[in-house]
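Here come two complexes built around subunit A, the first alongside subunit B, the second alongside subunit C.
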Partner chain A sequence: MSTEKLKEIILKVLPDVDTVIGWQEGFDKIHITPFFMKSPEDAEKAVWNSLCVQNLAAYLPSLKKKTAVIVKGCDSRTIVQYMQEGLIDRSNVVIIGIPCTGVVSVKKVLKAVDYQPIEDVKFSDEKIIIKTSKGEKTLAIADVCPDKCKTCQYPTPIVYDHLAGDPIESTKPAESVYEDIKEFEKKSLEERRDYFKNEFDKCIRCYACRNACPMCVCQDSCIAETRDPHWITQKLSSEEKMMFHMIHAVHLAGRCVECGECERVCPMDIPVAKLKKKINSEMKELFDYVPGVNPEDKPPMYTFNVEEAKIKEHKL
Partner chain B sequence: MADTGFLPKEKLKDFLEALSKDAVVYAPALEGDIVLFKEYSQGKDLYLDRPANLGPKSIIYPQCETLLSFDFKKNDPEDPKKVDIELKTESNFANTVVFGCRPCDAKGLVIYDKVFIDTDTADPYYKERRDKTTIISFACEAPFAGCFCTAVGGGPADTTGSDVLMTDVGDGFFFEALTEKGKAVLKSVPMQDGASYKEKAQKIKSEAEKKIRNPFPKDATEKLSQKLFDSDEFWEKVVSKCISCGACTYLCPTCYCFNITDEKTKDKGERIRTWDACMFNHFTLETSGHNPRPSKLKRFRNRVGHKFLYYPEKYNGVIACCGCGRCIRYCPASVDISEIVGYLKDPKQK
Partner chain C sequence: MRVGVFICHCGSNIAGTVDVARVAAEARKIPGVAFATNYMYTCSEPGQDEIKAAIKRENLDRIVVAACSPRMHENTFRKTIQKAGLNKYFLEMANIREHIAWIGNDKELNTEKAIDAVSMAIAKVMQNKPLHATSFKINKRVLVIGGGVAGMQAALDCADGGLDVVLVEKSPAVGGIMARLDKTFPTIDCSICILGPKMVDVGQHEKIKLFAYSEIEEIKGYIGNYQIKIRKKATYVDWEKCTGCGLCMEKCPSKNSYDYFNFGVAPTKAINIPFPQAIPKKAKIDPNYCRQFLKGKCGVCAKICPTGAINYEMKDEIVTEEVGAIVVATGYGLLDQNILTEYGGTRYPDVISGIQYERLLNASGPTSGHIERPSDHTEPKTIVFVSCAGSRDKSIGVPYCSGFCCMYIAKQAILTKDHIPDSQSYVFYMDIRSPGKGYDEFTRRAQEEYGAQYIRGRVSKIYPKGKKMIVRGADTLLGTQVEIEADLVVLATAAIAAEGAAEMAEKLHISYDTFGFYVESHPKLRPVETNTSGVFLAGACQGPKDIPSSVGQGSAAAAKVLSLFSRDMLESDPAIAQVNTNACVGCLKCLKTCPFQAIVEDTLRSGKKVAKVIETVCAGCGVCTSTCPCGAIQLQHFTDNQLLSEVSAICQM
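Right after this comes the complex of A and B.
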């Protein structure tokens, strides 16, 4: 899919909307940044490549005017979930879908080049070529993609009004999605506790994970900061941090669309998505429900059945 | 010999171990893939290849500190309504050495000093930590992604706020004492004379300075355009992508805003001071429910204003930004404060 094709669609959509949210080049060659386009001149600066990682759909609930948004397959699940939960007015949103073969994790690329400042980036044949002052390095995109791409089931957006490119079928087996969770669960309880304690100890409570999360709809009324009820103190102890992350995860039960934004944005590199993925795997097991794939679905926590097929204790 | 010194690379750990005898030493260490300041202990690995994700600010200005603890006591059995309050403050901050922070990190502390120490009522908590800490900064040889220190009055080998400046001269490190505290540190540890490395270090430092980008337009004015600063349209254009989290402020070596809360269980508790972030909605939320900065545009405008307008107005033109680039590097949406200030400084912008 070429950037030119995308620009054509943007120009076509622009007159009908207040803003088109897409991507443009950021402060250096490896960082792509969200771009709120208002004019045809803006559209000229739009960019699409494997560095367009951020889930732009997350901006939608905060915008009142009619907005067009560019989404990859994974990002489109956010919109589907918003539709299920009534968080957006679909008639107020124009969806420009992009079939995507996988993006690049900037953190992984930076690690691969020893965190040298990036001078240039080029793409060729599913590879990314990174230039730093130490020379050029070629990396296979498959080796530096975010973990979510490795098991991607939805390379083509599930909902869209315009599709920039031809639909792509997933080549990844559906069983692979929760393999990492199953692997992690083989560790003993103590090992898992120590793992999370160690990771969450790094948390600085900046709430980047919460604010980047498209499904964290409480935002400014988050109980991590309320004084009444006083669920969490402002202290910096492991317990308080763990409590916040547990609340975040539980609030997303059957709602997390696994976009990985929470983990991508963490400045302390904490694998915060793991807990959410674990809970999602439970939701799949219990309710056979996958968030954000069918606009007609009702999230399991939004409803209840007197008898649940897989929950035994209701059988009195 | 006390003003300069030289240590071969393999002797660096011996140096830290010697320092650890009289002080708690914090040095950058690798934690997974990130770099954090950790208490140095014998044999522990150091990591000096890039600046820490979170600088040493939390050592001197902790993210959470207890100002006092309180205990409600019923001492009179005759009158259960009579309650005495017992207040306690504790201070147990040991002599500390921060080793291997970057010159921008040290410069950040000087921004804090003006607020917490150079006033009629110095903050005793901050002052104690600051007084008891010696800062050994490590000069940068080259910029890292997002760095712009020279554009805001600093530099890769700036000495502001440091007690000792250390430069990598290839086969070892050249040390320069900058303050009395720094001289004392260099004296306390056996070290080779550094005089012969001074010139080489100077060359490395001035080469580094040339490599730092200046994000501001060539004909930029010192002053920011008030007209543009007051334009909602401008802020909407540059910060619509901001997600209003606190990563930029918490990682910033010059952000010092805090919150004070009483965290209490039944009859005892603590009054704590914790970092706060002007990017959060709650930051200016008043008890009436009114919020003078209700949108992220207003909040971001304040963040830029505080650093580049209000602080300089109050403190003789000093900019409250050290150009470390962390807010740019780690921003979830790659918001670039240097680009925004660049627009505001561009005289062509009306």
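Right after this comes the complex of A and C.
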């Protein structure tokens, strides 16, 4: 897929919308940042490559005017979930979809080049070539992709108005999605508890995971910071940290679209998505529900039924 | 804040296994507690006076009573502190009887647990806010669901008491099961003869609006103000024009329709009036059998009808009624005979259910009251009755006794002898259950005067042998196996919940037990109320019942409605959900999960979208509060902070 094709589409939709949200080059070659395009001149600066990691759909609920947004397959699940939950007006959004074969984890790349300042980045044939003062290093994208790409089921966006490229099918088996969770569950209760205790102990409560989460609706009213109700204190104890992450996980029950933004932004490298993924696997088991795949679905936690098919309470 | 703590002994109920004096002493040490004592019976008048005196003397502003379940006495103590000038929501109860004293014998551990429970209640009461009820008007009309004898009784009593009644019956005529019975025990008076006048009253009463062949589509609202959507099912006959002359039924060429009224004992016509005394006496077409519907041509009834009432194009119609209270009298169902495979299910035509036999006995039944074998229409001479056909059988999920079968079997044995003097009846029974007035004498009469042979034991198998049915069972009194060659076998099939009982309960927001029978508010003291205020129960929908009990409960439900409507205004419970609009982010998850549709979207003057609770509709169930991600919606009297304070109290001990 060429950036040229994408620019063509941007220029086509620009007159109808207030803003087109895409990506542009950031402060160095490896960092790409979100880009709010208003004019044809802006469109010229738009980029698309495997470094376009941010989930731009997350901006949609806060925008009032008609907006176009560029999404990868995984990002499109956010839009589908927004539609299910009534958080956006679909007629007010133009979706430009990009079939995506996988992005790059900047954290993994930086680690591979030993955190040297990046001088240039080039792509060739599913490889990324990083130039630092110490020379060039070629990495296969598959080796430095985020974990979500390894089991990606939706390389082509689920919903779109314009598609920049030809649709692609997933080559990853559907069973692979929750394999890591099943593997993790084989550990004993104590091992799992210690694992999470150690991981969450690293938390500095910067709330970046929450702020980046496209499905977090509470914004400034987050109960992690309110006194009324006073669920957690500002104390830096492991209990309070654990409680915060538990609350975030429970608030995402049946809503997490597995975009992985929480883990991407975590400065302490905590696997914060793990709990959410576990709950998602339970939601699939119990309600046969996968968040963000069908705009017509009703999220199970958004309904009240006296009886649930797979939860036996009454026997009649 | 000055908290007063009162620990009740409840005689020896609590004091026997809890050191109440120590609980009081420990409570006294908790910051905020100004006074703590223990008392023999806190709920007694001197006990309540003690609380009132202490409030004055010690200048108390919050009260904790550690005693029985709040379901028992919360209201009592709320009134007590209200009389002493406190807001009644400044009371907390710690249940140290049901939760502690009654479940363990270790006094040391019980006392520790009681101290925990009391400290939780103290922490909670200190977070309590004063709440005030608001009052609202009631619509003094009542909906009765079900036109069986219980529903009709409730409807008539309400109507006689001056209320407007909406009576909804799902079959084409009122009367229910009782209208199908031949005679009634223990007086052997004709069922339809005593029920008929009531049915006529229901049909003619100016205060009763009868919707026959109609079902409840939707129930919205709350005590005092319900909006009911009623589906009037298509009868394909304009009941305004139909005179009930029966000409259509006579001429209808489709003679093999299933007869619901006669439980399929014999077929009926596709257009029919269910029985001669039917109220309303109107015809109805069964589209599953009508040739006009199946083949698209016939139209005999339309041609013959003298008033032109037939309308094949008729559609279901939805009407809305507004009422203030609901009486549920949806009755019961009968166990599907097919489950009883050891008795042949329904494979043998001469093994029938008790209600089918009732129709054979009935003079207005398909055989005009002549007892015939369904297989060859001959008169049976040996008849075997099998009681508990399904009842008291855990293996098929009916562990309970259906209650009235012992009595109707005795009645049917007596009637059989009357109809066929040279017949012999046998009754297999487990126990004879006849605890009503004149009931036991009646079952003895069946045996002693009418010669019915009672065999104590269960039937293991029924199978055909030539024209006869062989009934093999045990005689546990003689300790032998018995085999009887019967001409006809009657199974007293178990009474089960009515079809669709669970769905109806969900529409009404009332609870039902594992068998589908509706649950009363208290098994002894509130037998016709449900836990949803404004909804009352009558008859067998609450559990198997005979006619006298059903009628009694119908009248009782009517009395409850009349006493509810004796007031002009009702007080709403302030313990309901409330939205903090500053914290609400307008995600409206609460609106989608509310089981009572009590939450609506609201726009503030700033343009901000928020949730809003309709006070009178909210039942205080708390689903929204556990759904709200930011804690903006809080259940008053059970706020997050109030509950968290209890958790903190117990964790800090």
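As a convention for this text, the second predicted complex is superposed on the first by the 312 of 316 C-alpha atoms of A that agree within 3 Å, B and C clash if a C-alpha of one lies under 4 Å from a C-alpha of the other, contacts with A are read in each partner's own complex, and residues count from 1 in each chain.
Rule of thumb we're sticking to: a contact is a pair of C-beta atoms (placed from the backbone, for glycine too) under 8 Å apart; a residue touches a chain by one contact, two chains touch by 3 or more.
All values derive from a computational prediction rather than experimental measurement.
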Superpose on subunit A as described above, then tell me if subunit B and subunit C fit or clash. fit
Which angle, in steps of 10°, is spanned at subunit A by subunit B and subunit C when each chain is reduced to its C-alpha centre? 120
Which chain, subunit B or subunit C, is in touch with more residues of subunit A? B
Looking at A:Y195 after the superposition, I want to know if it touches subunit B, subunit C, both of them or none. Which is it: first, second, both, neither? neither
Just subunit B (first), just subunit C (second), both, or neither: which does A:F184 touch? neither
Once chain A of both complexes is superposed, is A:I204 in touch with subunit B (first), subunit C (second), both, or neither? first
Which partner does A:Y289 contact after superposing on A: first (subunit B), second (subunit C), both, neither? neither
Looking at the superposed set of three chains, what is the minimum CA distance between subunit B and subunit C in Å? 5
Where on subunit A do the contacts with subunit B and the contacts with subunit C coincide? 219
As the complex stands, subunit C meets subunit A at residues 497, 502, 506, 512, 514-516, 580, 582-585, 587-589, 592-595, 623, 627, 629-632, 634, 639-641, 644
Any idea which subunit A residues touch subunit B in the complex? 19, 26-28, 30-36, 54, 58-59, 107, 111, 114-115, 117-118, 133, 202, 204-208, 210-212, 219-220, 225, 227, 233-236, 261, 264-265, 267-269
How about subunit A: which of its residues touch subunit C in the complex? 85-87, 217-219, 221-223, 226, 228-231, 251, 301-304, 306, 314-316
In their complex, what parts of subunit B are in touch with subunit A? 31-34, 36, 49-50, 53-54, 63-64, 142-146, 236-237, 240-241, 243-247, 249-251, 259, 261, 263, 272, 274, 277, 280-282, 328, 330, 332-336, 338-339
